[in-house]
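Per-chain numbering from 1; labels A, B, C and D assigned in written order.
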Amino acid sequence: MLGEGIIKGMAETARNFLGSYHDAARLTTVEFPEDKIPAKESARNFPFLVHDGEDAMQGLRCVACQICEKECPPKCIFIIKDTNKKPDYVGKLQFQPKVFDIDVSVCMSCQICVEVCPFDAIKMDTDFELGGSDRFGGLLLNKRRLAKPNSYYHTIHPTEAAEVDGRLAAEKAKVEAKAKADAEAKAKAAAAAAAAKAAAQTTPPVVASTPAAVVTPAK
Amino acid sequence: MSESELLSAPAPTAMNYEIRPKPAGTSDAEVGGELLEVAMGPHHPSTHGVFRMDVVLDGEQVVKLKPVFGYLHRNHEKIAENTTYLASMPYTDRLDYLCSMTNNWAYALSVERLTGLIPPERAEYIRVITAELTRLVNHTCLIGFLLQDMGALGTPLMYAFRQRELILDLFESLSGSRMMCNYMRFGGCRADLPAGWLEQAAQVVGGYGQFLDEFQALISENEILVARSQGVGVLPAELAINSSITGPMLRASGVNFDLRKADRYGIYDRFPFRVPLGDHGDVYDRYMIRLLEMRESVKILEQALREIPAGPIIDPKAKIRGFRPKAGEAYGRIECPKGELGFYLISDGSPNPYRYRVRPPSLINLTVLEDMCLGQTVADAVIILGSVDIVLGEVDR
Amino acid sequence: METLEQIQARLTAEFPAARLERVANESAAGQPSLVVDHAHGQAIARWLRDDPALRLDYCSNVTGVDWLPLETSTKTRVKKVVDGVEKEVEETVKSVRPGYLEAVYHLYSMSLRHGPVILRLRTADRAVGAPVPSLTPVWRGAEFQEREIYDLFGIVFEGHPDLRRLLMWEGYQDHPMRKDYAEPDDYEYEPTPHDEVLEKAGKHAAAEVRP
Amino acid sequence: MDEGLRNELSKQGVFTTKLTDLYNWGRKNSVWPLQFGLACCAIEMIAASMARYDLARFGAEVFRPSPRQADLMIVAGTVTKKMAPQVVRLYNQMPEPKYVIAMGACAISGGPFKQGYNVLKGVDRFIPVDIHIPGCPPRPEALIHAFMLLQQKIAAQTFTGAGRPRFLDPAGPSEFPVPEFGAHDLVPPNNPAIWRAPKVQRAES
């Protein structure tokens, strides 16, 4: 019968319409400014800089190595390295970026800066409400606008942030263990040298051999 | 064929549909008057972006049609030759912006051919899953757009996009971005599946069959659709092969050529699936082939989601930074939803490719656009273009 | 499928006058290719398409490559008379391979499902408008791709039915995919200037220079 | 009428408004965009008008294919040099008052493709842009957010005075010159009347 296909289609439309009253799968509208789709854990939009501690500028993990600047496909990152080291949030001297600008009017949200960063300093933000009428000032983010605390990173990417924290802690422990071991070895060597010196004054010289402590830090 | 015969002909079904000849006496060969030259596009609601057709019309009939390209020529190849191999990966997303995952795969595959990196088993499964999901997204959207061009305003496209969002949610939780996934890497994938992803994907894939049923009930037997698309834009198989047509368009003309079967790249030899073929090579066949291909994709997905093994997701030899393939060249190709997507790379041993070329299926499938449109009406030219399935990002690059 | 050596042998038997050159490929893909001379280009293409054992009915990919002149220096030890004494002196011989443009064709067979066989057509030099024979009469699939190469590289395909610019507008004079293409200078506002972009921007405005 | 009196009246069930507010209220809730997709962002623009994001809630679902019926041009995607004259021409054909949203990195600045020889480095070289949305592509929500910013902008426009919009200013141009194709680039490469390359201000600390 002519028109059967059309009627069938109409029935389908009607089923969908009625279904939208009781079936959530058929009523998919999210009324945006009031309701928001929760951001996915891995969602990404633009990069931000992670900082530890209270002071954002002091605690930046970024050491201005400029790898992300080189690897960025659309070249939207601009870094000027500071000429001298400054203390970071624990007081360790560190190079820091004097200027760290990201032009989000160029950024393609590809996440390659995050992948190449060896210091876990740059991560992807999920904020997307950046529109505005000011192109030149509003869309060139400087390091003050880019810096966000680690706790913020934890709220948007909890799993990843925990992983990163674990890795950083392990690295830190490794460095500390190594420093400690080095210090111990140094002290021992010094003690041995002193002992040898003292011994050399009285008795024929004995070669003091103190093997450097071998430390295998926990991973 | 008289009108009463037309009315009494059996209604076409999904698997068994037949071509109906146009009623006799409708030949408009002896239309007199001047020829009319029309530039359709680059701004035209039905050209799927900034595509332009310079059409010469005799009355309503197309007597000449020349496509004009370049309105979205974004110099992808030039940019890629000035940047590193990895940095081109996010640009491939923007080629055919509906199918970023398959673009990623084609590029990764070509670089793997060039360097000999081998993706591990799990990565291959993830690639198959994401590629088939991409095929679903692409075909679903295409059908929505095609029906929109035919006059089914709103509803089919609305249903298609509702379904697309479900898959984009999967892509987003996997790769972080809805459309521009930038997910694959040379020798594997960037990130492992997040917890619960497989279950979520299985749910979406499980519901897809029902969506396809509904969609088919909605419109596939619609008499207006049938009348507008059967016998329109016929592409003969020999012409299709000689013109390097690939993808669903080639298969709608009855040529059994699918790179998933012919090349068996990745792990496609593990999946038993059928390649739907058309009989007539008209717009209706091209529409139907896509619906049927989606059903096969659902089958592949179900199997892949069931069988995916645990393990690493990237070749341990793969490097993110300082990647320099040794000198040589490679051409790699995959069956992307639009046809054969290939990447031709020449390396001179530096971090940037010396030559980087994309073989765009959308562009090459347009070779026969004029042949298909000649003698049809201008309104049919619109749906013939729609059935080719082009995305301008890939046509012009 | 036959190896390229076998195909080349059969081609030499078929076209004794043709100059064929095999190009090795060091990459993992191992796809060697065959340089074909202009006079026999179309005939060889047609033979490859119609040969029952090959049936390369599908011309998948056509692309251009711009090869800049390549300077190679080889060191050789030569005997020379220096100051009346014969000495063995190391001498560097510099040779310059002239640049050329190249059209590369990737051929497959849809009916026999094999491939690729890669053909290369080379121009004599890098001059704009250097000719090569068009293979569009053999495979129509090459039509748009050859137009694209004409547009972006400036190779003229002799025998192409409709050789116009494909992507850039009529009246455009450059061939931007060539390696020596110079871009128009329009980087007035460049908030993140580096390297080559900095260079371009520097020409225009007094851009900041990195300390 | 001052704000306090108006509040007082509204408590008594008497609603008052200014003619400007009424006019702007009508305009801002029926912005008809031009159905005009250039590239990737156009897909997200379509997604924004589809079921999940439903731009119709803002009265903006009426995508007009003809510029003569449109109020808003959403430049969604890369504007190439080959396309730029057509974009300007479409803008010129739109009736006043008209607004432009530059959606996505490419429309704002050329974005990731700005190094390309055929890519216009920002549509604001030729036409004035009201709202910029960064992102590649911006999420549909970001488009809706920008749309609400545009509505705020419309609501704040006045009929008279120095701050009145261009379309009420007889001296303000409604059309802009269309660039032409040259031998190497567009002629002119930008419109100096609306585009001035600024000096970059860098905040150091």
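In this text, a residue touches a chain if its C-beta (ideal position, glycine included) is under 8 Å from a C-beta of that chain, and two chains touch if they have at least 3 such contacts.
The model shown is predicted, which means the values in this text are computed figures rather than measured ones.
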item: Geometric centre: closest chain by C-alpha means; value: B
item: Reference chain D; chain at largest CA-centroid distance; value: C
item: Cα-centroid distance, chain B relative to chain D, in whole angstrom; value: 32
item: Inter-chain centre distance, chain A versus chain D - centres from mean C-alpha coordinates, in Å; value: 35
item: Chain centre separation (chain C, chain D; CA means) in Å; value: 45
item: Shared-contact residues (touching 2 or more other chains) in chain B; value: 70, 73, 75, 78, 82, 90-91, 162, 165, 180, 396
item: For chain D, residues contacting two or more additional chains; value: 51-52, 82, 109, 112-113, 115, 117-118, 122, 136, 139, 198, 200, 202
item: Residue list for chain A, restricted to those that touch at least two other chains; value: 28, 73, 75, 101, 103, 106, 108-109, 136, 140
item: Chain B to chain D touching residues, read off their complex; value: 42-45, 49-50, 70-76, 78-79, 82, 90-91, 94, 97-98, 141, 157-158, 161-162, 164-165, 178-180, 392-393, 396
item: Complex contacts: residues of chain D adjacent to chain C; value: 82, 109, 115, 117-118, 121-122, 181-185, 189-190, 197-200, 202
item: Complex contact set, residues of chain C against chain B; value: 25-29, 31, 57-61, 63, 65-66, 104, 106, 110, 113, 116, 118, 139-145, 165-169, 176-177, 181, 196
item: Chain C-touching residues of chain A, taken from the complex the two chains share; value: 69, 75-78, 80, 83, 101-103, 106, 136, 140
item: Chain B - residues contacting chain A, complex; value: 7, 11, 83-84, 86-91, 155, 159, 162, 165, 169, 172-177, 180, 182, 190-191, 194, 207, 214, 217-226, 320-321
